[in-house]
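Comments concern the structure below.
Letters are used for the chains, namely A, B, C and D, taken in the order the chains are written, and counting of residues starts over at 1 for each.
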Amino acid sequence: MPVLQSPADPARSAIELDASEWVGHETPLASLRGQVVLVEVFQMLCRGCVSNGIPQVQRVRQTLPDVAVVGLHSVFEHHEAQGPQSLRAFLYEYRIGFPVAIDRNDGESIPVTMRAYGLQGTPSTLLFDRAGQLRLHAFGTVSDIALGAYLGVLLSEHGPEQAVGAPTETTGQLTR
Amino acid sequence: MPVLQSPADPARSAIELDASEWVGHETPLASLRGQVVLVEVFQMLCRGCVSNGIPQVQRVRQTLPDVAVVGLHSVFEHHEAQGPQSLRAFLYEYRIGFPVAIDRNDGESIPVTMRAYGLQGTPSTLLFDRAGQLRLHAFGTVSDIALGAYLGVLLSEHGPEQAVGAPTETTGQLTR
Amino acid sequence: MPVLQSPADPARSAIELDASEWVGHETPLASLRGQVVLVEVFQMLCRGCVSNGIPQVQRVRQTLPDVAVVGLHSVFEHHEAQGPQSLRAFLYEYRIGFPVAIDRNDGESIPVTMRAYGLQGTPSTLLFDRAGQLRLHAFGTVSDIALGAYLGVLLSEHGPEQAVGAPTETTGQLTR
Amino acid sequence: MPVLQSPADPARSAIELDASEWVGHETPLASLRGQVVLVEVFQMLCRGCVSNGIPQVQRVRQTLPDVAVVGLHSVFEHHEAQGPQSLRAFLYEYRIGFPVAIDRNDGESIPVTMRAYGLQGTPSTLLFDRAGQLRLHAFGTVSDIALGAYLGVLLSEHGPEQAVGAPTETTGQLTR
């Protein structure tokens, strides 16, 4: 079981999701400030994503409404079969109600956000605390009990406002 | 539990799979003569197909090698996201080793074979006996025990050669 | 996947369930004549029986009502914890509606029927054809598809009456 | 999803497990001081306990080693079939490695601890914080994600020593 990283990890400061498009939702970044955020990195034709990763985050949404869930569609193979139009059909058929960002493709086979976070593949789960710091990066499957425990710990932490006594405009956000 | 139809059902005589293309395999029709055949009708973005129908026929293949399994990709929605190139990526990612026919699209929203068999949707399972007659048509999920029992019954039946004492060129085939 | 034995296997002729007691049911042996019979050999404190074997035969009962299911409680360990009174509580809590025979204990650690059939442990599944001959003996878990297929084959076979053209009083029965 | 109770709930102060016997372990109460404790209340012949409750706490043990798990065998039916000797056989067969207390029977059909906590049945899950206060009481099944989250929250809380700045001998314990 991977461990939650210290919030002070200097290599993992402010968050960036570099999206070429948000599918079916306005950019949710402003609304994520101060929240515990789960980013599910997936590909629509990735079997482990469809059978494990996506059902798990749907269970998280049903169980822990205080956790903000967003998807990141990071296509690094079968580009032609996993374009925006195909993704929309997939999200409709799988009843995916959370916002999904399409990871920006700059011509490399691996998209920008995936490279920036050094993700090893899909599915990957990223957990960010209320201050917007990356606290967990797990490739593959995490058990429901472990994921629940990580989220319970992060939900228990005070946000930056409470911690430092003042609201801030520049922390706790998920920016692109 | 649906019941096996009588082989003499006159409304369900010779079989026709009208394929615009067989993906990744030569047309397997000649090799299916005299065999018990399971046709799994699916769409690559149909959630019930991916979670139930396709895993079930993969279990059939592992368990009952004497049953010939073929897929029929009958696209009646999200046509642009489920084209041949996308299907090839799907079949690769899901390690689908059996032959898959693409149901012919003649401009109607429902493809030709799907209309001809009056299929209600996907997934659907069609079972043909050694004489090439349709014996079961099930929409949705059939339990593994029921499907195993149907196949056991059909495997127990003699083919047309044994039954009539002579090989035939014109029965027991899956034609398109 | 084990294979169905030939019905003519001379080492496996007439069936004998040596029961010290039938729990909750009259002795069902007369009613089993001419039927396909599944005997589930189990112990109430055997984890594989509780998690796999018993749920599977309950699925068989729901799916294939023409198969006669009986249980055989063959206790070879924890004798004091798996006596008749404990078994009755177990059968009640697990909603087991099929007849259960208690395998006779003659002072040996392994009970009589278990020894007679050379069973290796629990759960074991025994399948008998309409003529009362043992056709399958599987220790451990058989997949639902395989079990369904075996049963489909056996259900397809004619009973001794049909096969030999005359009813018989002395075949096709499960005797103790 | 039930919610964690406030630690100051006056109706749920000091913990009492009234055990007539601890099976296979020394009384673990002293070692539980200052720890987050999960008490799984079960009966060995309770189907929901065997299929859901016990496997879940075994997953908790594998995943969250900082959570102390104990069982409480609260027999309120089939007393004769669920005695200490039968329980030992059950614990052996199900590979249950955590300490199990037998809830004291004082002649009433419902045992003492079960009555004291007002438990509605089995399985029930009780969560205690590091100060020994009951924080969750759930009857039936809690999802893995929810249980993980509760435990994550409780693990995040400081024990009474850290909170009040001094070790105490009289809080944070599970007493009987």
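Rule of thumb we're sticking to: a contact is a pair of C-beta atoms (placed from the backbone, for glycine too) under 8 Å apart; a residue touches a chain by one contact, two chains touch by 3 or more.
None of these values were measured; they are calculated from a predicted model.
Taking each chain's centre as the mean of its C-alpha atoms, the one that lies farthest from the centre of chain A is C. A straight line joining the Cα centres of chain B and chain D is 52 Å long. Rounded to a whole number, the gap between the C-alpha centres of chain C and chain D is 39 angstrom. Distance from the chain A centre to the chain D centre is 35 Å, each centre being the mean of its Cα atoms.
Contact of a single residue of chain A with at least two other chains is seen at no position.
Touching pairs of chains, sorted by label, consist of A-B, A-D, B-C, C-D. Of all residues in chain B, only 45-47, 50-51, 78, 80-82, 85-86, 88-90, 92-94 touch chain A in the complex they form. In the complex of the two chains, the chain A residues touching chain D come out as 1, 59-60, 63-64, 143-157.
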